[in-house]
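Heads up, the next two complexes both have chain A, just with different partners, chain B and then chain C.
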Partner chain A sequence: MSDIAIDAPARPKGLLPGAATILAVSVYGWALLTAEEDWQVIGLLVLAAAVGLVGKLAGLGPKVLASWSSNEATMNGGAVLGLLAVIFALSTQHFPLLMLTTTLLYFIASLGLNIQFGYTGMVNFAGAAFFGAGAYTAAVLGGYAWIPPLLTILAGGVVAMVLSLLLVYPIVRTTGHYAAVVTIAFGVLFKTFLEVNEILGGPQGLMVESMKLPGWDFNNGPVLFGVEMSFYLNYALFATALVALIFCLVRRLERSWLGLHMDAVRLDETAAACFGISVHRTKILAFLSGNFILGIAGALYGMMISFIAPASFTFSDSLLMVSIVLLGGMGSPWGGALAAAIVVLLPEKLQVLQEYRFLLFSVLVMLVLLFRPDGLLPRQIRNYFPGREGGK
Partner chain B sequence: MSERLLEFQAVTKRFGGVTALDSFSMHLDKGEILGLIGPNGSGKTTSFNLLTGIYPKTGGSIHFDDRDISSMSAREVYETGIVRTFQRSRLCLPLSIYDNIMVGDTSRLPKGLWSNLVRRRAFRRQYEETFKVARDLVATFSGNLADRMLDPVGALPMIERRRIEICRALISGPRLLLLDEPSAGMTHDETNQLMSDILDVRARGEGLSIIIVEHEMGVIERITDRCVVLSYGKKIAEGTYAEIACDKEVQNAYLGVD
Partner chain C sequence: MDLGLIAQYLANGIMLGTMYALVAVGFTLFFGVLDVIKFSHGDVLMLGTFAGFTVWLGLQAAGIVNPWLQLVIILIASMAFTAAIGAMIAKWLVLPLKKAPPLNTLLLTLMLGTAIREAVRLFYPNGSNPKAFPALLPSASIDLGGFLLRADSVILVAAGLSLIAGLNLVLNRTRLGLAIRAVAQDEETARTMGINYMLVVLATFAIGSGVAAFAGIMNGLYYSEINFGMGLLLGLIGFSAAIVGGLGNLYGAILGGFIFAGLQVVGAALLPFASAYKDVFAFAVVIAIMAWKPTGLIPERTSDRV
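== the complex of A and B ==
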């Protein structure tokens, strides 16, 4: 296939811009997570805005992007290393680790929604319900000590998927706004069901057993070099592994014939059907697999915070999840990471603004939709095997 | 003796009180190029939509290669070997040229989660093979396009989009190609070029039949073997271009009655 490589020579692109980005983001993330004074937080936010602006003017974006996509495996590995470094730098601090892990779990949730919304074009306004289905599964199954918690997490995904079977018929028979309304109704239904159901704890909710692996109880802080670490370290590490796994799978899905089907269905259902693509099958696949991922994230979330109630899985939480996808960029997995960080961390870090912080957040979403409709980190054109341009 | 490929028998379509197609019968022989013409709103595109299973029919039947395809879905019709282009180009603009063309051919590729996510080596082989085939097909239309297979379609001018749309239709090796106003939005020269390309592709393969809906009579005269003229959902004439051009009723339909 040598003739293919000729027309689009893969210019060697340096590792430097990508590596520098990973380093900068890691240091910045650490600084933001540990910042306690208001002036530090505001200083960091101003810094981020300034760097973003200067970077745009200097045209750094395309350089980073080129460096990243020509060395994708290395860069993804580097990003995981950067994340691990931040986790260990925070290893004794409960709250920053909790924030970081929550961000990771919302990131996983956004990957699930991305399959539905970003790729296939199905808006799911019941994200929190499927997330909650996973968490409640963890709570119920945690009562049976013989069930391995790893299996419980998987079961969280399966239960979310089975629940979404209830919606499959109305979802594939309706399109656009109508399908969205179906999911809104389901989200409300789910929360109401939890509130009136005594077995599931009613409005008071349920306790959730912690995550355990053989010989490793996640609720005990590990002792490293004689120092007792925060028990959230366990969850942060486990969430990192889960993020890496699901990120890889979602990326592969995007860069497969199924990902192409999803795009074709989103962009033009009729044309897709005229070329033999099964619109129903594609939508069902996207809906179920997205909700499976949401359920998995929810199960681990429940185990981490150890107490769940219907009030944690409301319509506004679903909206928050959708806004992560919009803010980051539809169909852009890395956008989801950035947006999850913004959505989780900003309201926590801007306590000084009190309730106005949600106002600020809403304004931010509107500004992004107005001026960057493709999101903060827009999706790149599909390249099945990046780094080898021209199909080679 | 030529063989029948497609047969419309008294096909009718009503939208509420409007009869878009009224007991329309026609046929197409294997290897034939048929022009489907008529004034705006006479039911040409509706015929395509009924044939490709986008709309359900109100009455009548359609046979393709001796199979009744009257009640097939769009996907099943595609599987019998019928493909089309659209009047207003319906490409996936944010996707690459390669992706758009592959939309026309993925139905025969593995659809399972396992083969798509886990068996990446096999996937890679499929990708490399299809890339080469798609690129060769594009190269027959435009060498320039073939060098830009991973560029987004949204950045291309109309003529290139039409070419890609036709490549998308041809990539699966269909038996019947439906062209819905391929000249729309293009100049005379561009249209002529496009038609020559289509005829080239057709000459290489065996027996691709074509039905073309077109307002540009030069195109119809040049490439069709036979024409069917529709007016207000009814067939008013049938014959070679020379025959229908002299037909009184056809002239009235297009120019009005004095």
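== the complex of A and C ==
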């Protein structure tokens, strides 16, 4: 990653490249979400590839990056505005909004996994299990009307965290492949447990109550300016707020001394321990906080699709989440957003590909691993002083 | 619980243990020479089983119906095919990532496993449905006081165990085995001693994959059914078994395989009201063993260089 520091331009860049990117991505996202025919989707994909290629040849990437890192707060705010604009542009259509919200929730999940894979260098092949723990919590707690749904979402995260407490001891004692087998075993165990457990609905799964805030029932489409909107609009807006919140938290975490500890532990455990960093404490923090985020995302996901079954939380789904992190780039939050969009939207939009989805992604991830191991949007070098370049 | 039932559980456990050990041996061999986990192992096994099944269909069509002859041809064909696949995976997918972090190799092979599984499901004729695997072994059985000892089980276990014993002989008594062990111990020194590194790695992957194909055919004969997803669970179990036993150690893999089978059988026997929980039980114990012995029951004899 050191080459990025050399690329960093000397003087701060203006807002233009970043703002133009947000605008282009928003328009593109809207176009992709509303495209109905296969040829339109394929055309848009070819366009994206062409723009990516031209941008790379013209050296636009570093410009956008510089503009973004010089005005990070403004740019992130702009990205939220762009997202809101897309949501309102789609506000009457069920399916595109559902797609968009699912993407956002997978993005949140990738942020959680990023803390583990990207920052701390821990493996977690049970992502779908912790996601599912959140969703099942929402299903069970939804049966009690007096529990506020907002608390249920938090409870989803807490339950995922409590479940990960069971794994903490083996996880901090093992490393590498041995740790991988612990999480894989847990993922399989969790799914098998759900399938055979009668109380939790067995293989048929459970119904989940929808989200309700005081005076705001998420199952009713809101009426704005006399037009009835899709009820998914509620979820899309809520997910946007959640994404913004968790994104900020994860970025703060990365920038804090805790994030530094995580990086140190990833790069060299022994050296980190020599400098007085508690490797165990750092790993526990990363494991619990990452799974907390996964649980929250899962709880909201369950409420949105209102029906969950063990078949949605299999080992393959965990792999799909890992491939989002890897496709985007380890430790790169924005990469997670891009990869979540690719992984969620592409198979849904290209009905031809629906059947070949898993095959396609596995091959795509293999190609990325072989030819671009840092991911589509690689993590940037740590910027100690926001607003300045390359740590200067 | 009467004696017959216990014997039944025991026979079942030995059968499963042999099968798991055969899969785990592959993981431990690959880890030995390259320090990598090839997670697609289970799916390569499935591919080998499907290859065997295809050969059987071909033999039926060609009019060769002697079951013993069929079995031998199927075994040779599927093991050779799988060995070739294993060597190709090593050459083009695993070796290029040798310098990358181990997680990348793990992920690459996980994804390769998914790709193989999906490819069989999508492109094998009617691949998404289970296939009835032919019963090629004699179906005779002896009644031993309430317990039916099936001839096919005995033959399968005997064949499996002798394959493991043969593998042990190859590793410990031949020049190839010496080379494999040398590479596993210290790659650089082995190279300077004139060992053809590439050849040894490819041979190891070929052997491990071929053994897995045997386990796959065994699985097909035992359950009389194969499907595109069979490799995932078998691979997971084989991986867990190799890890529980301690990676890089042949005896560890065998031990791990039998422990896992034992856990499943004990889980099924002790939880009669909920035998569906047997996998939950087995994987929970695996996690507990990992917490107790973080590097497996027979740990590698290595030390970290800082």
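Note that the second predicted complex is superposed on the first by the 372 of 392 C-alpha atoms of A that agree within 3 Å, B and C clash if a C-alpha of one lies under 4 Å from a C-alpha of the other, contacts with A are read in each partner's own complex, and residues count from 1 in each chain.
Throughout what follows, contacts are C-beta pairs under 8 Å (C-beta built on N, C-alpha and C of every residue); 3 or more make two chains touch, one makes a residue touch a chain.
Small disclaimer: the values here were computed from a predicted structure and weren't measured.
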Checklist entry - So, does A:145 touch the first partner chain B, the second partner chain C, both, or neither? => result neither
Next on the checklist: Going by the contact rule set out at the top, does A:278 touch chain B (first), chain C (second), both, or neither?
Outcome noted: first
Next on the checklist: With both complexes overlaid on chain A, does A:261 touch chain B (first), chain C (second), both or neither?
Outcome noted: first
Checklist entry - Once the shared chain is lined up, is A:270 touching chain B (first), chain C (second), both, or neither of them? => result both
Next on the checklist: So in the superposed three-chain picture, is A:253 touching just chain B, just chain C, both, or none of them (first/second/both/neither)?
Outcome noted: first
Checklist entry - Thinking of the overlay built on chain A, is A:123 touched by chain B (first), by chain C (second), by both, or by neither? => result second
Checklist entry - In the superposed arrangement, which partner chain does A:185 touch: chain B (first), chain C (second), both, or neither? => result second
Item to check | chain B versus chain C as contact partner of A:58, first or second or both or neither | outcome: neither
Checklist entry - Which chain A residues come up in both lists, the one for chain B and the one for chain C? => result 270-271
Checklist entry - In their shared complex, at which residues does chain B touch chain A? => result 52-54, 73-75, 77-79, 83-84, 86, 90-96, 98-99, 102-111, 113, 116-117, 120, 123-124, 126-128, 131-132, 135, 146-147, 149-152, 168, 172
Checklist outcome for this item: chain A contacts chain B in the complex at 1, 4, 7-8, 249, 252-253, 256-261, 263-264, 267-268, 270-278, 281, 285, 289, 381-385, 389-392
Checklist entry - What part of chain A is in contact with chain C in the complex they form? => result 117, 121, 123, 167, 169-170, 173-178, 180-182, 184-186, 188-189, 192-193, 195-196, 270-271, 315-316, 319, 322-323, 326, 355-356, 358-359, 361-363, 365-366, 369-370, 373
Checklist outcome for this item: The answer for chain C against chain A in the complex is residues 31, 37, 93, 96-97, 100, 102-104, 106-108, 110-112, 114-115, 117-119, 122, 232-233, 236, 239-240, 243, 247, 274, 276-277, 279-280, 283-284, 286-288, 290-291, 294-296, 304, 306
